[in-house]
Amino acid sequence: MEMYLPILFVASLLFSYSHGSVLDFCVADFSLPDGPAGYSCKKPAKVTVNDFVYSALGIAGDTNNLIKAKVTPAFAAQFPGVNGLGLSMARLDLAVDGVVPIHTHPGGSEILFVVEGTICAGFISSSANTVYFKTLYKGDVMVFPQGLLHFQFNSGNKPALAIVSFSSPSPGLQITDFALFANNLPSALVEKVTFLDDAQVKKLKAVLGGTG
Amino acid sequence: MEMYLPILFVASLLFSYSHGSVLDFCVADFSLPDGPAGYSCKKPAKVTVNDFVYSALGIAGDTNNLIKAKVTPAFAAQFPGVNGLGLSMARLDLAVDGVVPIHTHPGGSEILFVVEGTICAGFISSSANTVYFKTLYKGDVMVFPQGLLHFQFNSGNKPALAIVSFSSPSPGLQITDFALFANNLPSALVEKVTFLDDAQVKKLKAVLGGTG
Amino acid sequence: MEMYLPILFVASLLFSYSHGSVLDFCVADFSLPDGPAGYSCKKPAKVTVNDFVYSALGIAGDTNNLIKAKVTPAFAAQFPGVNGLGLSMARLDLAVDGVVPIHTHPGGSEILFVVEGTICAGFISSSANTVYFKTLYKGDVMVFPQGLLHFQFNSGNKPALAIVSFSSPSPGLQITDFALFANNLPSALVEKVTFLDDAQVKKLKAVLGGTG
Amino acid sequence: MEMYLPILFVASLLFSYSHGSVLDFCVADFSLPDGPAGYSCKKPAKVTVNDFVYSALGIAGDTNNLIKAKVTPAFAAQFPGVNGLGLSMARLDLAVDGVVPIHTHPGGSEILFVVEGTICAGFISSSANTVYFKTLYKGDVMVFPQGLLHFQFNSGNKPALAIVSFSSPSPGLQITDFALFANNLPSALVEKVTFLDDAQVKKLKAVLGGTG
Amino acid sequence: MEMYLPILFVASLLFSYSHGSVLDFCVADFSLPDGPAGYSCKKPAKVTVNDFVYSALGIAGDTNNLIKAKVTPAFAAQFPGVNGLGLSMARLDLAVDGVVPIHTHPGGSEILFVVEGTICAGFISSSANTVYFKTLYKGDVMVFPQGLLHFQFNSGNKPALAIVSFSSPSPGLQITDFALFANNLPSALVEKVTFLDDAQVKKLKAVLGGTG
Amino acid sequence: MEMYLPILFVASLLFSYSHGSVLDFCVADFSLPDGPAGYSCKKPAKVTVNDFVYSALGIAGDTNNLIKAKVTPAFAAQFPGVNGLGLSMARLDLAVDGVVPIHTHPGGSEILFVVEGTICAGFISSSANTVYFKTLYKGDVMVFPQGLLHFQFNSGNKPALAIVSFSSPSPGLQITDFALFANNLPSALVEKVTFLDDAQVKKLKAVLGGTG
């Protein structure tokens, strides 16, 4: 069937990339410099399907801690396949009484799906400090707009599990308590910018490992 | 405690928005015009927490059909709270032997989390037509770069459930078979642009309801 | 000089827009719907230079309040000329001992120029809770990356004035204390998501006008 | 063939949009408000293939004018199908000695393909005022980076035709001479901001129809 | 004229970039890492006008193949000057009976100008699988929204030539047939995700060089 | 207090970044390659608060030159902390009779705050060449939309100072006179694309140091 060869020939001729480049994706190569748009790309020839698959979200997070919760991220820094693709994911385990304290994601919006259990979740808008919160049940979805303070806690009587996604491969996570009390920001300064009492600040600094 | 009033006064004075506008979010109002960036915003005063919560993904999709699969979207058109927030979600039910036929999302990348079951998923890159596919188990995550052909099917022996997210509130879904065979695109034209045989085209047009 | 007429003719013929549309700018028309990208545009024929000029930042903010500070915004909601242009501005007045409590701008980065006085300013990064803060003097510039908690306070002995700009026409402003204590978020819930003591929460709710 | 009905049933059930919305495209509806991202969308049900096809670029521009050139745009304001799609096109006719005077496109980069004739084209970079210009022949392509001053003129001895595309549906076109001399900007002011002599300014204002 | 020197002095003093950096453009340097936003930039000092000019689109594509068509791209991988500029171009040669089979560009919209001949072109929308197609004549322009399946074929009786542009420097090109049949995707899997018959799949795999 | 240790443990366990990466910011490292989105990032471990503070805008620009004006930029090339953050700043000193000649910023919009003095500022829109200009006094703000020709000059009788911000870390600055007359663009070519007289072009080339 000589007709096959010409088409096959076409298959390679019709459109050929130079430089062996594939810009369909940009799997992060952490050994190269990163820039404002994300990490540099791994050479396409070295990319395999395993770069696009991540299994750590299948493992229950260890909630044996005081907040009884664990966030397991699949951001670009953990899951290089999402680099440059405008999204990422995380697993949220909440034991009974578990809570993800009030926090923001500086770089993206979040959407949450309740896989198991009952979760009370909410966020606060920036202008009028309006609060939007609700108890979510298995199968419910809630969205948290970019950069706004929000929280999730287990409001049921058994462990809860949620899968959350973000509109950025590197959304960041800034837990307000950790930002204020888990570092060397001087207590006097914390008090000045939060109106909190000195005893309260020092108590939380002690709990969260902060100094100063 | 006269000191309370002055601060309270500050609370309203320190920063006040005119026009009662909140640009933290833009819940879709389908009665107003839409534009390239999405739907117009519902007036903030009418927004409630229910605009940010969606429960339809908690309901198992009806897979009692020939492909034995169902995609239940929570895109901006169904879930107005995600409008303008750069993400959306969907539920994917795959009965035994269920398949989501090869398709693309013209407007965004996708990330998938396997909630239950075993799913074989893959995508094809654009330059060298390289195929990346793998069997995914409960808890596995896979990412599908924007605009590329991809598929998912149940490769296990019990129903499978996945939650997928997108990097756009309106990613779109274009199933190749439906695009080719479920409309009035003339058979001769389909054949010309696909190299498929006339009998094959007519068979699938009949199955999928296409005419011409 | 008959040669003038033909060129003049060219001036109108060389390039003509239909619909009298000018997309160089999009001055906000608050009477029309807004969308994810901002407000709708005022008709170009009604736009004057005054739409691009704003004088309220020339007026010293009233710092006669307990935080001894005032933020005067020129965001799109106040200054319609910046709508769609990717930036905005604000004036920051800090009396002696004045402070802008810890806060975020959900929608943009900030850059600050000290016009008068001495200001201590800082921000906290999201991953390791690293603190970056410094005393700024007249003429100093500091940049605060998008979405991160930051603060400014007068660390001198006379009033301070700063001009700040943002990378968005509607960056938002979320002061953590107001978000937590100036609304109807129940005290028990605040305590759960902040680890703060009940007495501290109730004290600040009282000061800032919160209920619940 | 009862098997056909179920699949057909699937075709409509597998994925259904509410609100009859199609966000694949956003054909401009000039009767609705426009915003920073472009014009509002025509209702999908009223969209036809003719919204995506434009024939005015097939007509030679009238170069019977002093600059002996004509730009025929297919921007969103003329060709509503490109609204929201991130690109547009124009036709450039250059009679012998024709010139498109130095100009910028405030909103996008430009790429030019010479269909017929010989065109000298160039641009000037912003930092070191480096000039990049070259004579282009039939089939040559040249790119002009966003916002930079550039020009094209016929450097051959027969009419030239180029097709140009832009990285925006509304790139704008600001011809420096028209911006300076074809309006009511007072001559003294023009002279102050250009260093041009009074006689030169008045001569060009007369030619281009400016006043003041 | 000693006055010249001071101004000249001003010319260099008024505004000086450090680091010899020019961010007006970013000509691709393929020897450096690439990232999600494109290739790294060639040092400005080494950039010449030839980096912004590309001549390969002036050469007729070889259509001596079974599809009787050839796409000659000027994407960033071939034409480094467009890197980072938000656009690119390609030449489309269609011999009599030539066809560009149904395909997508994962990364951008396309606009086509018919230089010579008659071309039937169309695309299919994602939600209702609506088909938009039309016969285009010399001078006609058609736009194809991002990520949607589309096709072009010569519907006249002489060769046709089109110039197409894209809203991305690296739009990609995914021809559905090549994605399905020109690689090692197993036939059984292709059949599962396309509903095509085994004989049809194997026939096309043979024609297009696929294995499995 | 054994309760402290567990929470402290949580503080490090709850969320941990791999690769020591911080994507909250991307301080420019000029020793690494740059790309379309900006400069590569300095390693987070080497970043200090001084990377986010810049003091050069506190120093009055030397206006002892013929235009009696000085622009002191704090763009990414001078102030690496703004890299990737979507904004930058500059200081504008205008002695009596000082002028910033007509110019554009190819990469961003500008907002100006008058710190001292009286400044006449304006811009010209692209379609109808409409001029928008006004005298600004201390405290006034004016915005200049992206890519449009604009100017500022001292219209008072004492020195003026303005702080300007941009919607890009690298907005660029193209002064029309310098682009036309301060380089080696041949006079005949300048005349062809500007309609200026030969004597005028040669006079300005001499003043601004241009050749050819």
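Labels for the chains are A, B, C, D, E and F, by order of writing; each one numbers its residues from 1.
Following the convention adopted for this analysis, a residue touches a chain if its C-beta (ideal position, glycine included) is under 8 Å from a C-beta of that chain, and two chains touch if they have at least 3 such contacts.
Every value quoted in this text rests on a predicted model; they were computed, and no experiment measured them.
Peer 1: According to the touch definition, list the chains common to the neighbour sets of chain A and chain F.
Peer 2: C, E
Peer 1: Using C-alpha centroids, which chain lies at the maximum separation from chain E?
Peer 2: Measuring from the centre of chain E, the most distant chain centre belongs to C.
Peer 1: Between chain B and chain F, what is the separation of their C-alpha centroids in Å?
Peer 2: That gives a centre separation of 41 Å.
Peer 1: If you average the CA atoms of chain A and of chain C, how far apart do the two points sit, in angstrom?
Peer 2: Distance between chain centres, rounded to whole Å: 26 Å.
Peer 1: Would you mind pulling out the distance in Å between where the CA atoms of chain A average out and where those of chain E do?
Peer 2: Here the centre of chain E sits 34 Å away from the centre of chain A.
Peer 1: What positions in chain A touch 2 or more of the other chains?
Peer 2: Correct list: 15, 17, 21, 24, 33-38, 106-107, 122, 126-128, 130, 133, 145-148, 172-173, 178, 182, 207.
Peer 1: Looking at which chains touch which, would you call it a line, ring, star, complete or other?
Peer 2: Its topology fits none of the listed shapes; call it other.
Peer 1: For each chain, which other chains does it touch, given as pairs?
Peer 2: A-B, A-C, A-E, A-F, B-C, B-D, B-E, C-D, C-F, D-E, D-F, E-F
Peer 1: Flag every residue of chain E that touches chain B in the complex, lowest number first.
Peer 2: That would be residues 99, 101-102, 104-107, 120, 122, 124, 126-131, 133, 145-149, 151, 153, 172-174, 176-180, 182-185, 189, 192-197, 200, 203-204, 207 of chain E.
Peer 1: Provide the residue numbers of chain A that touch chain F in the complex, in ascending order.
Peer 2: 30, 33-38, 62, 65-67, 69-71, 73, 75-78, 106-107, 170, 172-173, 175, 178, 182, 206-209
Peer 1: Touching chain C in the complex: which residues of chain B?
Peer 2: 1, 3-4, 6-11, 13-15, 17-19, 21, 23-24, 26, 29, 32-41, 83-84
Peer 1: Considering only the defined contacts, which chain B positions touch chain A in the complex?
Peer 2: Those in contact with chain A are residues 17, 21-22, 24-25, 44, 48-50, 52-55, 57-59, 74, 79, 81-82, 85-89, 108-111, 113-115, 122-123, 125-128, 130, 132-134, 136-148, 163, 165-168.
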